[in-house]
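By written order: A, B, C and D. Residues from 1 in each chain.
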């Protein structure tokens, strides 16, 4: 099906935003102090060897040429060389993605799995016990920093009870699951919980508010007038119409999920992209910082474009106008 | 079939209905007229057992020998849609925007009579014809926002009549519609009442709408029953000042039609 | 008119925290910088209600001093970012068309830079510190407030009293000032409270990673990161700063909820 | 021959929708003489509200012109348009949406004075607002209260007071009574008639209700799908409609002489 004009416009908009974002990142890194050649060879290296390296890395080419070269590289998977490790940045990121991706996915699934039913239950029992409890949980969940939860989880479940490792990541093992797989999973459980709790709290409140808003609509009263019980009307009419705002909110949570990942990876010393960026900053490995920040920005923009498209597809009124 | 005895409804301390008595037999149409704040919609919701939690209702709403106010929720669910149908005022918001109209009409049939999807769909086609929606075959799978106000109100009627209830409550069914569409909706309601022999409670703030098809008329003011009787008597020889002000508020043209008739 | 419970509780907690922060400028139970190696890592007791830290300093005093840092940075960033965001959002709603797409595109870009990420970038540029933290948190506030204020403003622009104002010869700017802003103010105030809470979490996160204020300025986030190495030996160290953050953010969220219930009674819920 | 108060000539307004064009207004012309009340009747989608917005200068036409008191409002410079606006004001349908909930009634009513730099200030302004409130049947002290303290009918009176403060010569009422109960509607219509007689203003009364036209209008124009299908003196159009559409509108009006189902005419 040929993409409709509004979808093309939305994709073009997202692409333009990504381009502008990459330019902002590139310029900020350009302006940052620190000469890559010195970082790689140490400050004591001779001037001419430094100059030779700088030339080899093409650091002397004009700004815009280097920006476009970087962009061209990113598109073809060549993000440049890490100053400190001397290996392709893309490889580093891919390797670290094997930690961050499952971590954030586990956290999101956990958050959605807990918050949507809890939010619906709280709305269905508005004003009664269940609602009060869910609201208190949500208030608490939003207020506690996820890295603090991480520390507490380590204190209780790792140090005191010893159910989980204190931190670190044994890797996925060569092929298939085997015990290495389980080791990796168990290393991700506490971090995923720490990352999931604030998300779950926010989504519980959003789901509850969305369900309450829809429950006040006239067509719910029509459903009840057809003889549907409160429960049946809730699941057949209220919840489907309430999912739309929840999906939108999920999209808006991505930046917080990424920030959380950087913190939680740090607490549990997981070799994820968050710690990569954080260490690269302290080692002045700016090419790594540059690419990681672009990657995260791209994820945020992609998810937002995705939720907008999903919103249009899910809501028949919008689809008609497309 | 429906007999209400001393119905009182309060929201917290605010009285909405203070002592209503009425009865409605099968095949008859009772007009309920009152301005905003008169409690006419509260009465409709009370008969459906759909009053909000904050409402307290006393008295008796007899329907086929049982009192709706004391019936357990499960029995009420079996009653709603099946034995008592309801049409609402705002066609724009009374239908689920994300569900096709065919499914919304069939829902009651599947729930109460356990029809299969295929049988329910056939019955829905018949219902769409009954409420005179043109080209039903095309329209059955459309979404509410694809229909006009008048067509949506017809879908509302189809929903309410899906299980040929004994009692139909229409709460301001034509207020949000254009005058020409209003007339069509009232005619459809009237034909169906005659054809199916159901009892209709027609609620409106406009005496002109009531007069068109109501056999008896009841006048409500701030939750109190002002006057009740055959429509002709109430219009020609109103027994209460408030009814006279209601009549007086009607445009002169409409009132003129009253004087020259026998 | 009974004030919602959440408003009273939220205002009380927030007042206590702000009070502690201000008080710490003149008095704290002990000198937060006074080291006492002998009495290091002591659990909470009569002398030190929250115990002592790895170099014997009084934890309660540092927490109070830390409140000034955290609340200061959070409120400043939220105020600046919130004002800029609201201005952008309201302008986008007023002008519409290309200007609106431009503003929302600009917001889309900023939205890709959550505080931690922009702090990493800014850290590379100007190193850690209060300015980096305020900028990183403030920048991300702009798209948040722009989106909320634009959505609220668009609803107001559709009202008849705006057409009446146009017919009174008023231009977009005057209409925005006299009609749009006063009507969306309640929603903006609710967000100011809630976003300040989020800003405190961000500031704590930045300090935890060492990207916020540098020592000796006290900061809850850095206290937590220091406490990680003594998790087994002195668990009390990890509780105090975490609780301080959580309670402050809880207070601000409750304050936000209370204000929302106050201005939009329809959604008033229990608790 | 006195100059017409309002002359709308060959007015069109088209809206792009998807690939095609929606003709909300299609070559509409009408004239309103001073101190007359012209009813514009039509169902939803007939274009009557679009007409109201263009006549008030809130929207620009695709083609055609609008002359108020002899001046083409779309040819005026912004400064002249501001002065001209004193001559025409509008009352809206929804009493709950036409008053800013955050402003006191006095400030709401005085807002159009923004058009007139020489308008009274301070004490004199309060007196003027107080007089207008009494003219519309409310008390002068109401100017210190807020809109939410008033009923629908009272709010509509406040909206009318606002529309009158610059002593306009033309008032457009866009479904100004449709959202009110019949008894309140009757009072507002009588108020408009009294104000017309006292202040000598012309009224363009937009409505879907023929009963209202019957009570208040001197002449009437019937609109359908963006065009005027019939117009003329009210009595003549209402009693001897030439157009079949007008006849259908009249027949659909509620009637009291067909009481009860027995005598109801079968649908044609």
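Operating definition for what follows: contacts are C-beta pairs under 8 Å (C-beta built on N, C-alpha and C of every residue); 3 or more make two chains touch, one makes a residue touch a chain.
Model, not experiment: these values are computed from the prediction.
Chains that count as touching both chain B and chain D, per the definition above, do not exist in this structure. Per-chain CA centroids place chain B at a distance of 52 Å from chain C.
Chain A and chain D have centres, each the mean of its CA atoms, that are 55 Å apart. In whole angstrom, the spacing between the mean C-alpha positions of chain A and chain C is 21.
The set of chain A residues touching two or more other chains is empty. In chain B, no position touches at least two other chains. Touching of two or more other chains is recorded for no residue of chain D. If the chains shown are joined wherever they touch, the resulting network closes on itself as one ring, and no chain has more or fewer than two partners.
Pairs of chains in mutual contact: A-B, A-C, B-D, C-D.
Remark: chain D residues 53, 56-58, 81-82, 85, 89-90, 92-94, 97-102, 108, 111-115, 159, 162 touch chain C in the complex.
Put simply, chain B touches chain D in their complex at residues 29, 35-36, 149, 178-184, 187, 190, 193-194, 205-209, 211-215, 230-232, 235, 245-246, 248-255, 257-258, 260-261. For chain D in complex with chain B, the residues that touch the partner chain are 43-44, 152, 181-183, 185-186, 208-212, 214-215, 238, 248-249, 251-261, 264, 267. Listed in rising order, the residues of chain B touching chain A in the complex are 48, 50, 73-74, 77-82, 85-86, 88, 90, 93-99, 107-108, 111-112, 143, 145-146, 156, 159-160, 162.
Interface residues of chain C, counted against chain D in their complex, comprise 159-161, 163-170, 179, 182-183.
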